[in-house]
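Pasting a structure here, questions to come.
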Amino acid sequence: MRREIPLAITFLVGMFMLVDFFVPHTRVSAVGEEMKQWGTIVIAASILLGIGNLIRVHSKKIARRNTGWGYSIVCLTVMSVMLWFGLWPGERLGPSPLVGTIAQGSYFNWMYMYMDVPLQSTMFSLLAFFIASAAYRAFRLRSPEASLLLIAAIIVMLGRVPLGQLMTKGLPEKATLPWLTEAIMTYPNMAAFRGILIGAALGVMATGLRIILGIERSYLGGEK
Amino acid sequence: MAQFDLRNVDRRVIFTLIFVAVAWPLIQPMRLPMDVTPPVQQLYDSVEAVPPGSIVMLAGDYSPDTMPELQPMVVAFVRHAFRRDLRIVTTSLWADSPPLIEAAMTPLAEEFGKSYGTDFVNLGYMAGGTVTLLGMGASIPNTFPQDYHQTPVRDIPLMREVENFDDIALVMNISSGTPGTREWVQQVQSRYRVRLASGTTAVAAPPFYPYVQSGQLVGLLGGLKGAAEYEGLVGATGDATRGMDAQSIVHALIVFFILLGNVVYLMERRARPTGAARPARAPEVSP
Amino acid sequence: MRTHSPLVGLALILALCAPVFGAEGETAPPAPGENAPPDPVTLLSARDYLDNNDNGDKIEVTWCLSADDGGGAGDVLEYRIRRSSGPGVAGEVVGTVPAGTTSFLDEGVEPGEAYYYDVAAFDGGSESAPAETGPVTGRRNFFQTSRLPVLVLAALFFAMVLTFTRLAQRGANLFVRRIPGLTAVEEAVGRATEMGRPVLYVPGIGEIDDIQTIASLTILSHVAKITAEYETPLIVPTARSVVMSAAEEVVKEAYAEAGHPDNYSPDNIRYLSDAQFAFAGAVSGIMLRERPAANLYLGAFWAESLLFAETGFETKAIQVAGTANVSQLPFFVTACDYTLIGEELYAASAYLSKEPKLLGSLKGSDWMKVVSIGIMVLGIVLSLFGVTGFAGWFFTQ
Amino acid sequence: MTWLHDFVLGAPGTTPAVVWGYWVAAVLTLAVYSFLYKDNPLYRFAESVFVGVGAAYWLALLYHNTLVPKLFVPLFPPEGEPMLWYRIFPGILAVFMLLRFFPKLSWLSRWSLGFIVGMYAGVNTTGFAQGDFVAQLHATMTTPLTEGGGLSIALNVAAILGVIATLVYFFFSKEHRGALGGIARVGICFLMVAFGASFGYTVMGRVSLLIGRMTFLLRDWLHLMH
């Protein structure tokens, strides 16, 4: 029963979503709408699960004094402080625009704008450095295909910036880098990605079918 | 050997070069000229074609990591919409977006004398991704019963005119991943016949060209260049336009790195035709 | 009109209306009510409107502009739409729309009731003779007709997938070509053995429920059997603890199956870090310290792909990569010796595992691609000969 | 001197909250960049802050923007508003989901998982079928082939062949030999050009992110940009 009921739920919900797509009758649509509202709630719970997991992993690390447990303390402390700012019921402290709210000007918002925002953006900007280093040290014309790729890449890289426009200024329009770039994007790039898109759509549809029919059940985990 | 060996350049040297190539044009701008590409022009024209007074939706599905590319698009779009007297409803499938959009809109609302609740509203974040999109197709107020600041939507004048996508003249999706533009195309544009425009990171843009060709997207802004072109059309120089000089220099530098790296590689290969530590090509190598 | 497909009807109306549209805005409208009543509208039709939430309470009325709207006297101000319960009965006005409009959506009808509509042009003083259409009934529909092509193609595809799955279950020999990438993987492992150095296998940084990770574990099993045979160390760093447990199981089983359970070393299956760059840094450390001669990156990769490929290139390892994350493929293609592109990863896993559910989907998708190519070619050829109906049928938006 | 004043205390008109904010943001930014030299405790510290702040942010938003309006208010409505009693069902499923933390009851979380997975499967199947599969077939068939001049027609024909060749490349039921192999080779060429375009765009994207951070450091924090 521990597997049959979830599989039955999956089948019923999945089938209903398919029916909802093809049947516009108001009885079906009304039920469908409420189901989708339910979906957002359950999905929210699954996100909570992820965050709970994070707390658990770090707590364990601290409890067992695993390597780097000091960083886990930092992580959980920052998290608690920010949660306190964000979730503390403001009324009990008297009306305050700073605590218990996520609005502009609150402590919570400050922590987001000046801690989360710079950290997230900086983490990913590291990649600019790595890409440059890889460009010098690893991107090679190792085969005809890779050469084709790199030539297209170089045209696009130059054609997408004002410098490339300047470099081929004066040439007939159809020989300028910006025109070539746009042509690459609109024709071969479009065609290849359309092929990938169609293939990927079939893959997703087949997976969806397997899940709804209960042929695919790996998401339920092992029998424990 | 004391001499500089091109085969073994410390990556920190490369890092320093990149750092300088970005910083220098930011401090000393060159203001190189820029053309407008068709997908951006189409997007601008689509917004221009929306009659004043209509309601447009700004769907922000991005996070701070891609802000440098996407925030200028948000600013330019809001400016464009406010200038044409369009009213804006914003929604987010990403938790990170609502405060970023708010930060962009607040000063512009002041500049154009627009007031919250009648001219624009921020409905905040809703979990659920694609499921949320379908919920909105049925009813936007039921899917977002409160706005970002927890005001019930029935107390917001603008929201009294919004039931579902039939009331939205155009959706501008600012997207940096999943859920994002692909989900908007599949679930909303296809299913509810919505005019959908998209602004995405450069990384995400190439796979969306089939949607532009098929007309499922009425326009596409790809990365900082797309944002800069749009800023140009809207007529307000912003962070994207300012960044394009640095973009030019760094692209040139990276192209130079690729070429130099390959020259060194070819020379090395020629110098050691046999017995190299690694085969020039593994058997059956293709892509 | 209702028996026609709406698209054909629309095309017909547009074609017939065209000359009228062309004349738009060329004459200045005279003062209202000066002259005779405007010409009536033409080609009036009404149909049940199919909503996404169909309560049967909407009817859409369409027409072609009066000759005096835009052209002619150019004095039409608005159109008045009336609804009645019988032919020739004077109905109530349910709506007015400004000049230049050719459709109206009546949102307040009783489902199941038959109605007649008439539309008259109004120039401020007098009305044209009304045009009438009907009867038309608002219905709560059970099928969204515009989505028929989706249903037909999806049903065909699903039937193929299920048929192939059943065939595979019964042991039928379904041919899948050998993916060249697998040969590259085997040769890389062979080369590591020759050089007496370990093999590094990174199953991506996706979670265990990612189908790319699952496909990767299948290929890992295959690789583990070879390394067990050759007694070559196999290092598997992971970024998710659950993936690590799964990888342990897979490798252990493969070593047992190959008859060398003693060669299995649990220390080589490692959980490094959930954080993307910390993981990338740690894997790079393994490459530099333990010098694997073959690096295999198969699974779901994001930005860290770049760091792996670069460090691996530096250490002169043979590198084979494979992912369905399209934005990372360019880096793998230019920095690795062989790359499995997108679906090839899944195909490789189906080829190796011979699992009926995977084979069925793969074969179903394959033949659906053939059907798709057929449809596209047919649609294009027909369109070139002026038959656009076939291509048009696939328009579902 | 004015520069020093602006650098330490912020430009005139900036509130203390913003000045503090810029300093904190700048220190965190530099801490992350220290990774470029090598992995170090400062970077690890920034990374831990990053994880902590991110999780807290998400949790608070989830509470304020999703759980309150969708679950708590409908179940415990303010005076004069109807209670949506049936929201108790997703509420139960949400609780079941969290039971995963308790090994004895964790099997109940599969009910919730089944609900979500079934919903996504249904929604994605139709979404991909209509929005990607059928829509892209239609768009290919309606590619304009009779207008726009010779070059445009040639490019459009090439694009159609590209779509077909790419599909052939991903066809696994026949060996890629002979004519089929030839078409597949064409497909791989299209793929490589597309990946080249992706490569160029990705480089552009990564560089843009760096430009964004440098703009922050140079303009907002160091006041070197005008």
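The letters A, B, C and D name the chains in turn, as written, and every chain counts its residues from 1.
Definition applied: a contact is a pair of C-beta atoms (placed from the backbone, for glycine too) under 8 Å apart; a residue touches a chain by one contact, two chains touch by 3 or more.
These numbers were taken from a predicted model, which means no experiment stands behind them.
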item: Top chain pair, ranked by number of contacting C-beta pairs; value: A-D
item: Taking each chain's C-alpha mean as its centre, the one farthest from chain C; value: B
item: Separation of chain A from chain B, taking each centre as the mean of its C-alpha atoms, in whole Å; value: 14
item: Between chain A and chain D, centroid-to-centroid distance (C-alpha), Å; value: 3
item: Multi-partner residues of chain C (each touching 2 or more other chains); value: 52-53, 147, 150, 154, 277, 326-327, 330-331, 333-334, 337, 341-343, 369, 372, 396-397
item: Interface hub residues of chain A, defined as touching at least two other chains; value: 21, 29, 33, 36-37, 39-40, 43-44, 47, 102, 112-113, 116-118, 120-121, 123-129, 131, 133, 135, 137-140, 142, 145-146, 149-150, 153-154, 157, 160-161, 185-186, 189-190, 193-194, 196-200, 202, 205, 207, 209, 219
item: For chain D, residues that touch 2 or more chains besides their own; value: 35-36, 44, 47, 51, 57-58, 61-62, 64, 66, 70, 119, 123-126, 128-130, 132-133, 135-140, 143, 159-160, 163-164, 167, 170, 188, 191-192, 194-199, 201-204, 206-207, 209-210, 212-213
item: Complex interface listing, chain D residues touching chain C; value: 35, 39, 44, 47, 51, 125-126, 129-130, 133-135, 137-138, 140-143, 145-146, 160, 163-164, 167-168, 170-176, 191-192, 195-196, 198-199, 202
item: Touching residues on chain B, where the partner in the complex is chain A; value: 9, 11, 14-15, 17-19, 22, 32-35, 37-38, 63-68, 96, 99-100, 102-103, 106, 126-129, 131-132, 134-135, 138-139, 142-143, 148-149, 191, 206-207, 209-210, 212-213, 223, 225, 244-245, 247-255, 257-258, 260-262, 265-266, 280-281, 285-287
item: In the complex with chain C, residue positions of chain A that touch it; value: 21-27, 29-30, 33, 57, 123-124, 126-127, 130-131, 133-134, 137-140, 142, 145-146, 149-150, 153, 193, 196, 198-200, 202-203, 205-207, 209-210, 215-216, 218-219
item: Chain B residues touching chain C - in the complex, by the definition given at the top; value: 137-138, 189-193, 203-204, 207, 216, 277-279, 281-287
item: Chain B partner contacts - residues on chain C that touch it in the complex; value: 52-53, 180, 183-184, 187-188, 316-318, 326-327, 333, 337-339, 341, 396-397
